[in-house]
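Note that the chains take the letters A, B, C, D and E in the order they are written out, and that residue 1 is the start of every chain.
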Amino acid sequence: MERIVFDAAATIALVFAALMVLSRNPVKSVLALVVSFFFLAVIYVLLFAPFIAAIQVIVYAGAILVLFLFVLMLLNIRHEGSGKDPRPIQRIVGGGAILVFTIVLVALLSKHGTPPGLPPASEAAAPHIGDVARAVYSDFLLPFEALSVLLLAALVGAFVLVSKEHRP
Amino acid sequence: MSVLPLWLIPALPLAGFLACGLFGTRLGKRFVSVVGVGSVGLATVAAFSRLVPYLGGDHAPVVERVSSWITAGDFRAEIAFRLDPLSALMLSFVTFVGFLIHVYSTGYMHHDETDAGYARFFSYLNLFMFSMLTLVLAQNFLLMFVGWEGVGLCSYLLIGYYYEQPFAPAAGKKAFVVNRIGDWGFLLGMFGLATQFGTLDYDGVFQAAAKDPARFAPALTLIALCLFLGAVGKSAQVPLYVWLPDAMAGPTPVSALIHAATMVTAGVYMVARCNVLFRLSPDAMLVVAIIGTITAVLAALIALAQNDIKKVLAYSTVSQLGYMFLACGVGAFVAGMFHVMTHAFFKACLFLGAGSVMHAMSGELDMRRMGGLKGKLPTTYRTFLVAALAICGIPPLAGFFSKDAILAGAFEAGQPVLWAVGLFTAGLTAFYMFRMVARVFAGSFRGTPEQEHHVHESPPSMTVPLVVLAALSAVGGFVGLPAVVGEHGNRIEAFLSPIFLPLAAHEPAGHALPHATEWLLLAASVAVAAGGIGLAWKWYAKEDGRVPDRIAAAFPALYALVADKFRVDELYGALVVKPFAWIARICWKVIDVLVIDGVLNAGAFLVELAGDLLRFLQTGNVRNYALTFLLGVVALMLIVMGGF
Amino acid sequence: MDLLRSHLLSAVVFLPAVGAVLLALFPASAAKAARNLALAIATLDFLVSIPLWTRFVPAAGFQFGENVPWIPNFGISYAVGLDGLSLVLVMLTTLLTPVALLFSLSHVSKGVRGFSIAFLLLETGMLGSLVALDLALFYVFWEVMLVPMYFIIGIWGGTRRIYAAMKFFLFTMAGSLLMFLAILYLAVRHHAVTGMWSFALEDLATLDFASGVQTVLFLAFALAFAIKVPVFPLHTWLPDAHTEAPTAGSIILAGVLLKLGVYGYLRFGLTLFPEAALRFAPWVGLLGVIGVVYGALVAFPQKDMKRLVAYSSVSHLGLVVVGVAAFTTVSLSGSILQMINHGLSTGALFLLVGVLYERRHTREIEAYGGLAGIVPVTTALFLVATLSSIGLPGLNGFVGEFLILLGTWTSAHRWWAVLAATGVILSAVYMLTLVQRVFWNPVTHEENRSLPEIRPSELLAAAVLVACMIWIGVRPNDLLSRLSPTVEAIRSAVLEKTSAENRGRAEAAP
Amino acid sequence: MITFGPAELAATAPEITLATAGALIVLLEAFAPRTRRAFATLSLAAIALSLYFVSRAPIGATFGGRLETSSLTSVASLFLAATAAVAVLVAKRYLERAGEERGEFYALLLWGHLGVSLMVRGIDLLVIFIGLETLSLSFYVLAAIFRGVHASSEAGLKYFLTGAFGSAFTVYGIALLFGRSGSLRISALSQVGFGGDPVIVFALLLLLAGFGFKMSLAPFHAWAPDVYQGMPTPAVAYLSVAPKGASLIVLYRVLTAVYQGALPSRLQTGIAALAILSMTLGNVVALAQRDIKRLLAYSGIAHMGYITITLAVFGRGAFTAALVYLFAYLVSNAGAFACVSVLYRDETRPHPVGLLAGEGRRAPFAAGVLTLCFFSLAGIPATAGFIGKFFVFGAAIDRGLYGLAVIGILNSLVSIGYYLRVVYVLYMREPVEAEGPPPLGVSDGLALALCAAGILLLGVFPSGLWRLARSAAESLPFFGP
Amino acid sequence: MIGKIPLADVLVVSAALFAIGLAGALLRRTAIVIFLSIELMMNAANLALLGYGAALGTVDGQIAVFFVIAIAAAEASVGLAIFVALFRHTETIDVNKINLLKW
């Protein structure tokens, strides 16, 4: 069952990810990505991370991508410029490089990705949401505090860039 | 009373040079005359104050060291002066003739020169005297070379004295450069000597060579030839004689002093000084003799067709220098030095006479516009005539004895061909000299009326030296009477004999010629000289040059060739000067600019070009930036992961 | 007093730099004062350097030495000292700098302060490289010199000054960068062998290398020095730099900077890599001979006075290189002496060309002619400098030339002397042609008739040089006696360390 | 259980200072805009105070092995603080002239500085990543902060897109390292066999790319010229120095954790290839640049090539050399940007080199310092840059990497070409602009004087710096010398 | 194995997502879509982190993902602000047309 769900969710996530890339309409891209992220959340659940799955849906798919949509609408960007790419070389070389990179990456991860001698993990042994919460405030206190500065910087930065009036 | 040191003799003219050169312009002609002539006069006095006791003494060489000069590694050279018979001989006439010519110059240069020019002239002359005396008195080759190059420098400066003329500076440069070719040989010769003998000191070199000829002889041919190349340059021998005729661009006293009496004989002096080395190498001797002979006849031939009074004298000088080398080459060093001395007298006299003529003729040099000056310039004419007879070898004038000694020496040495050519040259000499005498003094005046109006005898400052020199030309030969005339008449040979001691192993004792042969030789040379004089007088004085003109017209090409000095200058131009300039331009424009700088600039350009092209990789498009990033990752991956 | 005595050398080296700092604090407007101050400092430096000359003991080994740790972790120290070789060059430098500044007194108008600062820094750089006995220290001074010279050429130079300055800088830098790596390699080797870091010459000289390594290192050093000398075919920066530099710059460039190449070769190239140096000596000598002839040939057709003199430097330095490559006591002494001679004669020539240039603002030979009657004093001085340059006996040039050629003749490479001696002829050809076309011949340009005569300050500058020419020509032993222990020491040190085979080559002649 | 105790407070006091100062400035900007004139001083004070706290922080790891205080971090903090100080000093007048004097600039600079500080102090990949992102986000905004200027916005976009792209690689690399080591701590990487594990090596490559991006190491450099050109110059002064040094230190940390002794030869080859490419491309393309900020960007790319030589050499000596080089690069490069900031009148327009013509006489001090900086960048002796090259090439030769040294030295020859060209324009051309550069403010003068003094002092007396760098290098677990 | 799912499969999916994101980042022209693709790459990393975290039985993976998502959100806000700011100048966010700064 888990296996089937995983395969299905993975397939859908990949397909919609591909759609996101292939779609000429940015709005459709965003929507495709929403779908992809949603099914990623499904996989996260299978990986014993329901909290992250929730965040993925609420924050990522729900908030961030909506923000994207909002900006797309705001700027009224409907369609990626038609007409041919003036520099096809980007596609050719880029495609080749991606291909090589992907082949190596996939081969590497499928063959050597798993650490040797790892015992099978079960949900029972997996950390709970409580563990996550505790870790964030203790073990990961420093990153957590640092993150606050990061968010503050992003907030102030975004504000600086788009605040309408320029004070004298 | 202690004697005056030898170094004082060159030092006096040096002081004169400094005084005239530094202050002469400001202090005026009178100062310059006094200092310029006075310093040489004092030098002459100093020289004779040493010479007179020396002549009376045992003729042992005197060496006076002044100080060390160059010390590097094993090499040592000193500033040291030497008085021995050879240098004494040179010293006597160099100072004396030099003094006379200085005196003459005060008259010759007085009118046409500014204070600056006058001072310059006398400072150069004094510098010349310094250099020449250094050359003569030096105790080693290196110091001799100082004088050697010094006289070259003065020659350069004095030839180019009229620097604003178009021709004189070029002539001066030519003289210097050609001399330098010879000096190159001299330098190499010195290196050879220093390597072979470990010293450049005369005594060290000559004594070692004489003591152990077998050891040094093999190397000596090359060394001797190198040194001889120096002599060839300085003494204007074939093939380096071309500068001397051009050198006549200088003032006439200069021609007399430097380019006739003293400097040009330095080569002969040097060969005589090195007689030990030359005598150890028969091959070198032969080369010297042949070069001398060729020069003698070639220059005499050219002199036949010249119309410039100084050019005739110049070629005559070259020719006579050839005689001297002939003498040296056949081993008759005494005869050679004897001729150096007599030549100094009569040739100086001839040049000064020519100067006097020019002075009278407002600088005219072309014999075709002279004539009939016999009456107008009586003193000049008489002295000129005496000197001309002397050079032709008419007994009992000086040239007779010295030239005869040379021809006899050649014959004696078993070189009848050289003797014959020498004799022929004697005839030519007589012919061109009297051609000149006839053209200048006989006949009627052919110049412009103004010139004719202007003609006047020179002042005493000029005529007195002429008379003195003429007198010396007349009697100077009696120091070297040939053996047939008097058993002990050849005092010069006796005097110089310590210099030319026979080398034990190498030279068979000189076998004197039978008296009969000697008389015959004497008669032959006198006859040839008289014939030459007679023919010249007939053709030019009596017939006003119609016969020669006809001959010239009959063989126009030949005549033109001779008149053009066999076109040797043109030949050198085509063979040396032009290719040199051409190669120089190639080196500059092709190798330097095109090849070396071209390669470097091309390298720099390529780097710049690479930059100019590569900058367009920076397209401004972020997608391309992401692509280069990915390409970097992939490349890294391929490089690094290949092993895993 | 004792302190001063023990730090005399440092005082000489750094006095100009201190002066430069003083000048930098000067208001830019006080041009005249700045100029005089610079001249005063340079002159003072010369006076301070005189005790070096008088108190120098003609013996092997370094004198007036100082050694203070600088970067102790890497064994780099401020180690300086003076032997005969550096002594004469130091004196030349301290003499030529005030002379050059004296000349520029009346001729540099814009940026006088900057000019003076650059000049004084340059002097410190030159002096420093001449006395440094630590390779890192040497390299620092060696490179530091380039900067002020770049500005001197680039700011105060002629019309093509930018190209020339750039070429000068890049060319010299190209050589020295590889030397820099070689120096690092030496230190690393020393560390690997002994466990101690050191850049001191005496320490590094004890290292032994495989022949291939030694070859590479030697070539790296030799390239740097060859460019500086410059040796054919690396000389093409020189005509441009000399020609475009202001007169004072040309004087220093020709007078001192070029010598540093030969100096470096003698001091470092030979000491560090004796084996390779001797192995390559035939090639070095060959290039020297080519330089003699080639420089003279190219000098001949030049139309620009300074360019002609510049190429004559190529020729003269070629001769110096021949002497060094021949490696006999006599030729080495001659080479060192000839460096001084060249500094004096070519310095004087550039100075006098500068005198003409400042009056007519052209260096074209064509623009002159017949000056002898108009400016006789200049003419006389130029003539003396020319004669010194072409090696007239009695003046300095001859002594050096003669010793080099004689020493070369006695070495295994006799034919070098034969060929190099042709320089005697060729130098007469091009220099006398120059003299003829500038000073003799009819006056062809009317504006030359009113050419002013040399000024007192210029005359003084030139007279100092001429006096030195005569002095060395007559009494070369004053220098040679101070040089000879050093020459012997260099030679014996090299021969001691080389194999018998090489030694045989060097000592081939009796 | 990790709590926030006095040790943690002492350890994070430097960062807390910076964060607080930034927040304070933003608040003041919002509620008391009159205090603007004091922002620069305030920022300087915060930087200084933070540095003071660094010096007081107890040595050792805190936060459960996520934050380190060691001689390395102290030296690095000194390096970063000096850069930040120069940037702040020149920012004051620059922003005034541009009419953009606003607190956010300083705040973002301080927060970015905080991020870099976390990068060097973090011994946990997550902390490092957060530091990196803090830096990035701050500087994305700083790049685009001149909203009215097209180039600035475009620089912001380019920096943002490429930066996010690079971050994705970094985070993927972190994920793989985490997966194999089971921990985000760098120390967990020191496990037997990791050196040969292909996934670890692959992850290291991704980090190399990601941090190489921050170092503007070719071929991850492409953003730098465009971003430098559009970004306000004082921010560039910081961006072109501090993050590069921090990234290098991070790379050293990670690589030493995996390979204590020496790099495997293939990895060494790869890094050497990056070094060579970066040096060559940077120098050659710099020759063709006409805008001084782009020129300096390419020069920076080239310098990162030189410094990457030490990474290829690897080892304590090499790391010491790298740290020395960083300081040399700091005084010369930040100094150069400071001079550029002072010498151009119009901040919002491009900065062609040609506009500097004749400034050698009109602005002798600034031009002189710029010249000094350029000579230092070119590696002329008696300047800091020479000392840097001395140690870097020395390290390469010490390990027998002669080829790298030779290529490096040839490259520095090429670099002289463009450095001298600027000097030529400064001193040997007649001015093209009617007006000279703006008058030099006190803060500008101070910044320039500090850089000049640094260049000369480090150039002449490098021993102290070397000892400092050496002690810092002791902090990393290298084997061998 | 994570439950019944092999870790390798998770990693392959992650790699594939990364590759797709890469493709989008390189081949698309609209800045926003490029950024979307980069977000996808981040998610690929997240998936790997979670997979490893689950396989290793540690909480660190989840926490890392938590931070990455937060960072992504911050990036998005800044990024979109920059897009908007630039759009005011160029009226486009097609990166092919945003090349004022080049060469």
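Here is the rule we go by: a residue touches a chain if its C-beta (ideal position, glycine included) is under 8 Å from a C-beta of that chain, and two chains touch if they have at least 3 such contacts.
The structure presented is a predicted model; accordingly, all values stated were derived computationally and were not measured.
Student: In contact with subunit A and with subunit D at once: which chains are those? Just list them.
Tutor: Where subunit A and subunit D share a partner, that partner set is B, E.
Student: Would you mind telling me which chain pair, A-B or A-E, is linked by more contacting C-beta pairs?
Tutor: A-E
Student: Compare the CA centroid of subunit B with every other chain's and tell me the farthest one.
Tutor: A
Student: Could you please state the distance in Å, as a whole number, between where the Cα atoms of subunit D are centred and where those of subunit E are centred?
Tutor: Here subunit D and subunit E have centroids separated by 26 Å.
Student: Suppose each chain is reduced to the average of its Cα coordinates; what separation in Å results between subunit A and subunit C?
Tutor: Taking the average C-alpha coordinate of subunit A and of subunit C, the gap between them is 70 Å.
Student: Roughly how far is subunit B from subunit E, centre to centre by C-alpha average, rounded to an integer in Å?
Tutor: 97
Student: Which integer distance in Å separates the CA centroid of subunit B from that of subunit C?
Tutor: Result: the chain centres lie 37 Å from each other.
Student: Could you tell me which residues belong to subunit C and also touch two or more other chains?
Tutor: Each of 170 in subunit C touches at least two other chains.
Student: Using the touch rule from the top of the page, what residues of subunit E touch 2 or more other chains?
Tutor: Within subunit E, the residues that touch at least two other chains are 11, 14, 18, 21-22, 25-27, 29, 31, 34-35, 46, 51, 53, 55-56, 58, 60-61, 63, 67, 71, 74-75, 78, 81-83, 85, 93, 95-96, 98, 100-102.
Student: At which residue positions does subunit A touch at least two other chains?
Tutor: Residues 87, 90, 94, 97-98, 101, 104-105, 108-109, 113, 115, 140, 143, 147, 150, 153-154, 157-159, 161 of subunit A touch two or more partner chains.
Student: Looking at the whole structure, which two-chain pairs count as touching?
Tutor: All touching pairs, sorted by chain label, are A-B, A-D, A-E, B-C, B-D, B-E, C-D, D-E.
Student: Can you list the subunit D residues touching subunit A in their complex?
Tutor: Its residues touching subunit A are 1-4, 8, 12, 15, 19, 22-23, 26, 33, 62-64, 66-67, 102, 104, 107-108, 111-112, 114-115, 118, 124, 126-127, 130-131, 133-134, 137-138, 140-141, 144-145, 147-148, 156, 176, 179-180, 182, 197-199, 202.
Student: Show me the residue ranges of subunit D that touch subunit E in the complex, using the header's touch definition.
Tutor: 126, 129-130, 133, 137, 140-141, 144, 147, 150-151, 153-158, 160-161, 164-165, 167-169, 171-172, 174-176, 178-179, 182-184, 225-226, 229-230
Student: What residues of subunit A sit close enough to touch subunit D in their complex?
Tutor: Subunit A reaches subunit D through residues 104-105, 108-109, 112-113, 115, 138-143, 145-147, 149-150, 152-154, 156-161, 166-167.
Student: Given the complex with subunit C, which residues does subunit D contribute to the contact?
Tutor: 361, 364, 375, 380-382, 386, 390, 393-394, 397-398, 402, 405-406, 409-410, 412-413, 416-417, 420, 423-424, 427-428, 462-463, 466-467, 470
Student: Name, in rising order, each residue of subunit B that touches subunit A in their complex.
Tutor: Answer in residue numbers: 619, 621, 623-624, 627, 630-631, 633-634, 637-638, 641.
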